[in-house]
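Think of it as A, B, C, D, E and F in the order they're written, each chain with its own count starting at 1.
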Amino acid sequence: MPIISVEGPKVTDVEKKRRFAQDLSRAAARYYDMPIEKIILLVKENEPENVSVGGQLIADL
Amino acid sequence: MPIISVEGPKVTDVEKKRRFAQDLSRAAARYYDMPIEKIILLVKENEPENVSVGGQLIADL
Amino acid sequence: MPIISVEGPKVTDVEKKRRFAQDLSRAAARYYDMPIEKIILLVKENEPENVSVGGQLIADL
Amino acid sequence: MPIISVEGPKVTDVEKKRRFAQDLSRAAARYYDMPIEKIILLVKENEPENVSVGGQLIADL
Amino acid sequence: MPIISVEGPKVTDVEKKRRFAQDLSRAAARYYDMPIEKIILLVKENEPENVSVGGQLIADL
Amino acid sequence: MPIISVEGPKVTDVEKKRRFAQDLSRAAARYYDMPIEKIILLVKENEPENVSVGGQLIADL
């Protein structure tokens, strides 16, 4: 039941999501020495006006 | 000020949300031995293409 | 695979944790209309100097 | 790389977001004694039917 | 009930925590146009072997 | 500035952490099409009495 959460910008290509889910889940299964079926992934997509780096909104960069 | 966050699929029935909020908040008030007014709940609803179990997107199951 | 996370003060009574895990997981199984086996709970325990309400550390109240 | 996450209701005024990002990031840079460029902020906006206080949905208050 | 969570390295000076809690909570009260009493802050302190930037553990930098 | 958070049991082997950080960060850099330097990872380690699956504490399994 390890849980991976990822926060980042929106990605619309579902094929990339499939590969990302595979890559992260395999890495976690190896790290925790558990079957991959136990690994849960949540991808969170943030609007550029809701994220800042160094006090600057991504929407303003 | 205990905070409960729940990640899961979208539920559209607001009546179910009302009951869920009651159930979780009462359980937390009992557990922490605090008045229920102190309990905060956040429900997060995820798209099936943004969640995977065992490396497989929920959208693909 | 719904995931419940709870943030609150430390509770040392494991029997209370057992009941809390049961209460929350049953409520979530009902809400999501899923078998209880799918429900994951994480309890996070915070030091009173690392939590504030209204700008005041819990440790100072 | 300190990360600030804020959960609250939606705010549509982007100028307020700019100032909020500045205020939080400066406070974190001072607290951690790091350059402001290292501070990341995520603002999460929740629907009133997905938040409860004391077991009552915000949407019902 | 807005909630601010901060992830960063451990800070042992409680006086700095007091000021940080004040700074963040005031900024959030202004942003959300709510009384400061509604603002909750959680500070999370991470070990340098449990954080990486660019694939490198902070403990190795 | 994508952020990966992982919740799971404690792993004491730092060499495994190094590899895990590399694996996850590379996968995220590829997914987001960003330089790996932008990827932040937080590993959270939970006590078995603070996690439950299906309403059962991991500590009781």
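Assorted remarks:
Please note the rule applied: contacts are C-beta pairs under 8 Å (C-beta built on N, C-alpha and C of every residue); 3 or more make two chains touch, one makes a residue touch a chain.
Values in this document were obtained by computation on a predicted structure and should not be read as measured data.
Chains making contact with chain D as well as with chain F: A, E. Common neighbours of chain B and chain C (chains touching each): A, E.
By the residue-number overlap criterion, the interface of chain D with chain E counts as same, with over half of its numbers used by both chains. If you match contact pairs by residue number, over half of those in B-C turn up again in just one of D-F, A-C or A-F, and that pair is A-F. In terms of their C-alpha centroids, the spacing between chain A and chain B amounts to 20 Å.
Under the contact definition stated at the top, the residues of chain D that touch 2 or more other chains are 1, 3, 7, 17, 24, 40, 42, 51, 53. Under the touch rule stated earlier, the contacting chain pairs are A-B, A-C, A-D, A-F, B-C, B-D, B-E, C-E, C-F, D-E, D-F, E-F. Within the complex formed with chain E, the residues of chain B that make contact are 1, 3, 40, 42. Remark: chain D residues 1-9, 11, 16-17, 19-20, 23-24, 27-28, 30-32, 51, 53 touch chain E in the complex.
For chain D in complex with chain A, the residues that touch the partner chain are 14, 17-18, 21-22, 24-26, 35-45.
Residue ranges of chain A in contact with chain D, taken from their complex: 7, 46, 49-57, 59-60.
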